[in-house]
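Here the structure is laid out as structure tokens; the discussion comes afterwards.
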Amino acid sequence: MRIEDFKKCQIGECVTQVQVRYYEVDRQNVVHHSNYARYFEIGRTELLRVNGYAYKDLEDCGVMLVVAKLDCRFKYPARYDEIIEIHTRVTRADRARLEHSYTIRHKADGKILAEGSTTLVHVDREGKLQPMPEFLLG
Amino acid sequence: MRIEDFKKCQIGECVTQVQVRYYEVDRQNVVHHSNYARYFEIGRTELLRVNGYAYKDLEDCGVMLVVAKLDCRFKYPARYDEIIEIHTRVTRADRARLEHSYTIRHKADGKILAEGSTTLVHVDREGKLQPMPEFLLG
Amino acid sequence: MRIEDFKKCQIGECVTQVQVRYYEVDRQNVVHHSNYARYFEIGRTELLRVNGYAYKDLEDCGVMLVVAKLDCRFKYPARYDEIIEIHTRVTRADRARLEHSYTIRHKADGKILAEGSTTLVHVDREGKLQPMPEFLLG
Amino acid sequence: MRIEDFKKCQIGECVTQVQVRYYEVDRQNVVHHSNYARYFEIGRTELLRVNGYAYKDLEDCGVMLVVAKLDCRFKYPARYDEIIEIHTRVTRADRARLEHSYTIRHKADGKILAEGSTTLVHVDREGKLQPMPEFLLG
């Protein structure tokens, strides 16, 4: 399949649950902050999936999405074995970039643990900047 | 030793070298972006060390520094086995927060790979917000 | 609750599904071998859970289970986004140790990806060796 | 350069120092056991380097070394910021496999923290088993 044939993404947000794993927690007894970039990645991967695509298929077609910018504000710690929700939303999508915002919440009480955003750009296999594929522009 | 007896940090910046490890690199053949938060952590830990302190000693005294905010702009990918430099600098230090900025460079040619910043706050063992210890205010 | 009051574990094996995450895959395009120790940990945690316990509760009661021995044979690579099954089984449980064996399989075709085992011992909060709690002896 | 032109490895063992990083430590306040597979990898990479080769160059020549077997016995915990020594030694090298043994020690007092071994096999870019290159047979 060619990337030009992918149908437009219709769904702009989703919620994904993950359970905090033992190895993600540090000696302060909270999730190490570096893992939030990984939770964000899981969130936007699942948002793509509810639109019908595995991110793997994009890379197989030569569409590499790379993170050009990331920010995160940490409000409240997540702890081992807690179930958290990754709320992911597309906030901007044009030929130059794809932006997502994320809210990480405790599933149990809805408490906000972290908020962040990422900006993705599209590069080819050689790392050269490319316009964002049409189907991702929603 | 009590944290009140720590002498003031005099040195506001440093450069730390690390070599990219195999497990840090992803299937795009570049360092996975989540590792930059870890490089930043190494950078500010080493900046503390050139000032005479192991961060471990702070935690042993009950001073937990936690990341409240992080941002990073990724300019150019780092690859397996490359030696990179973490340039770390204190950009703000007051009773409420400790801010660092970071520039990640290729050692070989000085090329900028990423730039970012973090804001740390001080909490006690129960996670309650505390004023930043005097000795960290430089 | 005290650990002495925990009811005996009745179930000796279980199957847990996980989906390979992007950051677990290395530049050979396969799951980095260090992640299998983490999959094993997920497997035995879930086996405990189907017996009615969160491992978190054990640690909260002062029961720290630590890995004293681990081995793994890697048969076939797992790849990004594949769903794998962790088949976990208690193979020995006595006052000195708790042994599990693991088989990691592709969910799609049942193919064996890896086989391994771990030996856990029980230490208290100071790291001193303790007899395995009765309820874990099944 | 072609892999056939690589000169034979002459050095069969080496010692590498690493300092335990914050994110490697878990809520038991010790290095998470999955990291030992990563320390072993660092050890054998550095053993290759003292023989004049970067493992990166092997992969660039299409020589992928993959871990077929790993075992580890954990004797004593490593903690945050401690300097540890990875003692790496080739214990067997023939056309079918390359075996290393590892001893992880505290630098400060020489105490043994862990002992393990790995078996590597050589596969090409398509994952097909190949005879071990001559120069690795020492």
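Letters A, B, C and D mark the chains in the order given here, with residues in each chain numbered from 1 onward.
By our rule, contacts are C-beta pairs under 8 Å (C-beta built on N, C-alpha and C of every residue); 3 or more make two chains touch, one makes a residue touch a chain.
What you are looking at is a predicted structure, and each value in this text was computed from that prediction instead of being measured.
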Checklist entry - From subunit A, which chain is the farthest off, judged by mean CA positions? => result D
Item to check | More contacts between chains, A-B or A-D | outcome: A-B
Item to check | Euclidean distance of C-alpha centroids - subunit A vs subunit C, Å | outcome: 28
Item to check | Rounded Å distance, subunit A centre to subunit D centre (Cα mean) | outcome: 33
Checklist entry - So what's the Cα centroid distance for subunit A and subunit B, whole Å? => result 24
Next on the checklist: Multi-chain contacts only, two chains or more: what residues does subunit C have there?
Outcome noted: 22-23, 27, 34, 38, 41, 80
Item to check | subunit A-touching residues of subunit D, taken from the complex the two chains share | outcome: 22-23, 25-27, 29, 32, 34, 80
Checklist entry - Which part of subunit C faces subunit A closely enough to touch in the complex? => result 21-23, 38, 41-42, 45, 54-56, 80-81
Next on the checklist: With touch defined as at the start, can you tell me which subunit C residues reach subunit D in the complex?
Outcome noted: 27-28, 30, 33-35, 37-38, 41, 59, 64, 66-74, 77, 127
